[in-house]
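Same chain, two partners: subunit A is paired with subunit B first, then with subunit C.
Presenting the complex of A and B:
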């Protein structure tokens, strides 16, 4: 626990570097950088209601990021969280159409299960391709993102089209209020409970089961685990399925909670921010929770930036990109700093 | 020619440090021209580093190197080669897709231009013939047997008219008859006036070929160059292992470790339970060809409890495929495998491990351990795989059990969370022993279990295998070191081209085992 928080703290130093870099860029671009940083802090955590807003973004991000961490640990770079997130939401939306009129206490769990399974299936096929024929999962999951994005466009402008829609953004018919798990604010006991349950279960899986130890060994040296008698495809496919299922669950929560419908191209950066969160957290579950709150804060601040600092909301994308840059360079930088410290090599 | 008076190669107080590790420490040695000099020592004594300094591959931290009386710039291969020093590496470094003639041209650092295959072959035919290597110059390296490859390595080293030729462990990959061929070749080089430095680790070989011997231990020169007439096998053995260690080893074991005498296996000959049923029984096992090595072709093999069966053979004759077949990691094309009374043909490795199969794999750092994972994770992998993947574990309890086990196997480590990659080779191998050699082990496959280990660690591994044998486990030992095989095996099976090509009982006859390793008749019929 302490170790993983230390890791996050260390990562946050690089996040701070990224913020400073962005501040410099914005300053030179003619914006007021100190005001921008203040707006970020204010919009994320300080303003009244900001914490709730941050958590609203943090919880789905956390759920997806934990899944990403599981597959990365096992050595599979499933970067298809975005697609799995979409397919989860789409499946839940179809299930909602099919079960319309049923009692809420049955329909709500059924939708959640449908969405989770949908995400799992969207990770299953790249997993099978990888483990059966060695197809690079980075490419297949990336392609899966585009396919899911197009599927979403089709579904929202075809089978699930809301006839009363404005026409600007195709979207599905709204979910019946009875089946919503939160209002449009997006934070409710149900969602918090789901997030907590995912956190606890995944923490146990990673730290307290044979699967956790073996998947981490397999991620670092699959050959060794194979000589121990492990079936790599079993470990690998489970990791793919879990990561896809969690992304699908997050999509379902967005559909049944704050959004109440699915719209073409909604939350287009969700899956990628989740990858970033998993990397900042160095794949630990507790670290992921901490990092998700931070990035949830940034997401919440994004809505607030235009008002406070006159910056476009896209400024947050720039900040995210800068963070990604620094996090990717992290290990190299640490190495170099240590070497400058005068260790002969 | 004043050159004759000057040493062919002289190292003056050479020290080499890799980070905190001192590989060579103040080594001062000079070699008379026109002789065969042996440099001996156990693994980690600094022999290879010494050779690499002389060849300009390693820049010494301090000290100087003279060739024919002239100091040369250190750490530059081109400088050493121009001065006439050539190194033949332990594992050959020939590009496998090149033809013999192309290798010669490449080694000569040609001036460029247009080549024809015919022209190249014609150009180098004389050179190859002079060295008595029988080979078609248009054959590709990958198609040649290992003895010929070595001959070509030597021929390549001599295209620049080398005056000092260093051979790093040239006997390690050869069969006994291949070693005789190599020695004959080396003697002919001496007649041509080449100074040959042989890095060896078997005393028997040193006494058979060298004019002088130099002993390294722990990166320091202990003695030498001593004229070979002045040293006995006994004294050399003690110099190599050090008096202090020599006291702790039993005489027989020490002799096997440093290869004092031709191996005979007198010490083995463990009482066999000829009547008890086999622990492992392979019947006509063949495997499908794959990229990882030669396929097995109708292998029959039986191992009884309390028996150590050694697999001898020149490397690459199916030993690795045999281990993979028994471990369910190679696809069978035919035959059956019975393990401890259960027919496990087609059963996965997990099922075989559950009935007592244990494996010390060939590649310690790839197949044996995950170097970037913690010790306790590496240690616990086998047990964790026995239950359900969702079995709940308590890491603190696993780490305690790991600590107990590693202490029992006297592994030197700080704490079980440290990475396996931070251990030395000997300690890393002990971690694998701690995981694989338990009381439930019925069949232990030990593949090159002592490769790269120093004498202390080697003796430790042998003792562990013997103890397991005495408890009733069956042991399959694969080694390219005949001394090792003969010393601890009760029976030796020779593999050639994916087949069993002979079986021998103690006392072993090195000549007949050696003949089975390279049997020409078997190769033709294959």
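Presenting the complex of A and C:
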């Protein structure tokens, strides 16, 4: 555990580096950079109620990021978390429409299952293409993101359209209050319990089961795992399905919790941020929790940037992109400076 | 018929320029997922350049300069800092998408799109119905041929392929894989700038946030589909453009029966099909360096 936290700390130094780099660029572009950094810190962690807000963003991100970590561990670049997140939310929304009027204690689990399955299906086809025909999953999952985005536009302006919605952004009819798992603040015992359950189950899966060990080995050397008698395609497909299911679950939580409806193009940076979180955490589950809180803070701070520093919310996208650019860099110099010795993990 | 061909050339040309950039990077052994970001930077820089300098030549030169600098940044992160090319490429794409949105907002105030007074010169009435196309469309076949010559018929091209396939062997004959990658990515930057310029200033003359809409990723898929051969990849890109144009046609014809949002997904679906087919034909795409492998370095 200590090991993984050290790794996260090391990655966060890169993150801080990216933040400062971005601040310099923003200063150069005519914005007030110190005020921006202050706005980020204040909006994320210092302001009263900021921690709750950060957790609200962190929990769905954590769930998606754990899934991303599982497929990356197995050596598959499933970068389609965004699409799986959308399809999960769409499936839950359709299920909500179909089960309208049922008792809440049955409908709520049914919606969660529908959303999770939806996400899993959206990861299943790239997984099958990859493992059956060797189709590169980077491209198929990326294209899946674009297709899911269009599907969301279609669903929110077609079958699930809210007739009373404004013309600005098409959205679905709001979910019945009885089926919501949190208010619009987005933090509730149910959501926290789901997050904790996912965290514990996935930690056990990765660290305490044959599947977890073999999948990590498969990511390093697939041939060796085959020779040991494990079925590579089974391991691979399972990791695709798990990662998609978790992204779908996160989409469902956003739908049933804070948002209460789905809107075209909602939370467009969710998948990319989750990938970053998994990488910052170096794919460990515990590290992912720590990194998710940090990036959840950034996401919540994004709402304050336009007010505090006059910066568009796109500034956070730029910061995230800069982090992505540098996060997998393994500079010997940094390791030496940090005195982590010759064992970059 | 002419109309369809014009539509295909219009949407296909930017894609082909960016595809060529992907081809040369792929030959050098770099999976360039930054194409999307480079393309939108090229598009944005061209339109902003036209507004600021009032000259299309200066605008494109500015776009080329910025795209080459961004490519060099990508090279530095991948080659010198040993970052994972896929993640770093996605990072560059994010920087391009976010950076252009911020740039447009800080230069022109809160506007979603910027319209330029003029764009790349058109071919003119001498070409009949095709006169509405820009000169970048006419130049495109020469670029494809030039890339073919460069990659297949020159010493540089051979060395580049060697660097991509077996850097150690390339080094043994005196080639410097790191420098070759730099040159390949820089040439790619020039091509992405032209592709972006054609997208924004070819027939439209405006820039909108996120206007590339995945075209850079499609170009990358065309590289895979076309087996990283300049001509093959060009035809793969043309295939995506044909599907896109047919989708628009279908919208006009059956718009009331099939929702147009779903028809818009056709090019993405065609991309998946193309990559699937190339995997089938060649027994699986050459795997990118896996993340775990990177961790072990």
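Assume the second predicted complex is superposed on the first by the 328 of 345 C-alpha atoms of A that agree within 3 Å, B and C clash if a C-alpha of one lies under 4 Å from a C-alpha of the other, contacts with A are read in each partner's own complex, and residues count from 1 in each chain.
Convention: a contact is a pair of C-beta atoms (placed from the backbone, for glycine too) under 8 Å apart; a residue touches a chain by one contact, two chains touch by 3 or more.
Just so it is clear, the structure is predicted and the values come from calculations on it, not from any experiment.
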Superposed partners subunit B and subunit C on subunit A - clash or fit: fit
Touch count on subunit A, higher of subunit B and subunit C: C
Contacts of A:231 with subunit B and subunit C, given as first, second, both or neither: first
Contacts of A:220 with subunit B and subunit C, given as first, second, both or neither: both
Subunit B versus subunit C as contact partner of A:21, first or second or both or neither: neither
Contacts of A:209 with subunit B and subunit C, given as first, second, both or neither: first
Inter-centroid angle subunit B-subunit A-subunit C after superposition on A [Cα, multiple of 10°]: 70
Subunit C versus subunit B - closest C-alpha approach in the superposed model, Å: 5
Contact residues of subunit A, present in both the subunit B and the subunit C interface: 216, 220, 344-345
Residue numbers on subunit A that touch subunit C, as the complex places them: 29-31, 72-73, 75, 77, 79, 129, 133-136, 138-140, 142-144, 146-147, 150-151, 153-154, 157-158, 216, 219-220, 272, 275, 279, 282-283, 312, 314-315, 317-318, 320-331, 344-345
Partner subunit B, residues of subunit A touching it in the complex: 204-205, 207-211, 213-214, 216-217, 220-221, 223-231, 234-235, 238, 344-345
List of subunit C residues in touch with subunit A within their complex: 31, 33, 73-74, 77, 81-84, 86-88, 90-95, 97-99, 101-103, 105-106, 213-214, 217, 220-221, 224, 259, 261-262, 264-265, 268-269, 271-272, 275-276, 279-280, 283-285, 287-288, 290-297
For the subunit B and subunit A complex, residues of the former touching the latter: 19, 327, 329, 348-350, 352-353, 359, 361, 366-373, 377-378, 380-382, 384-385, 387-395
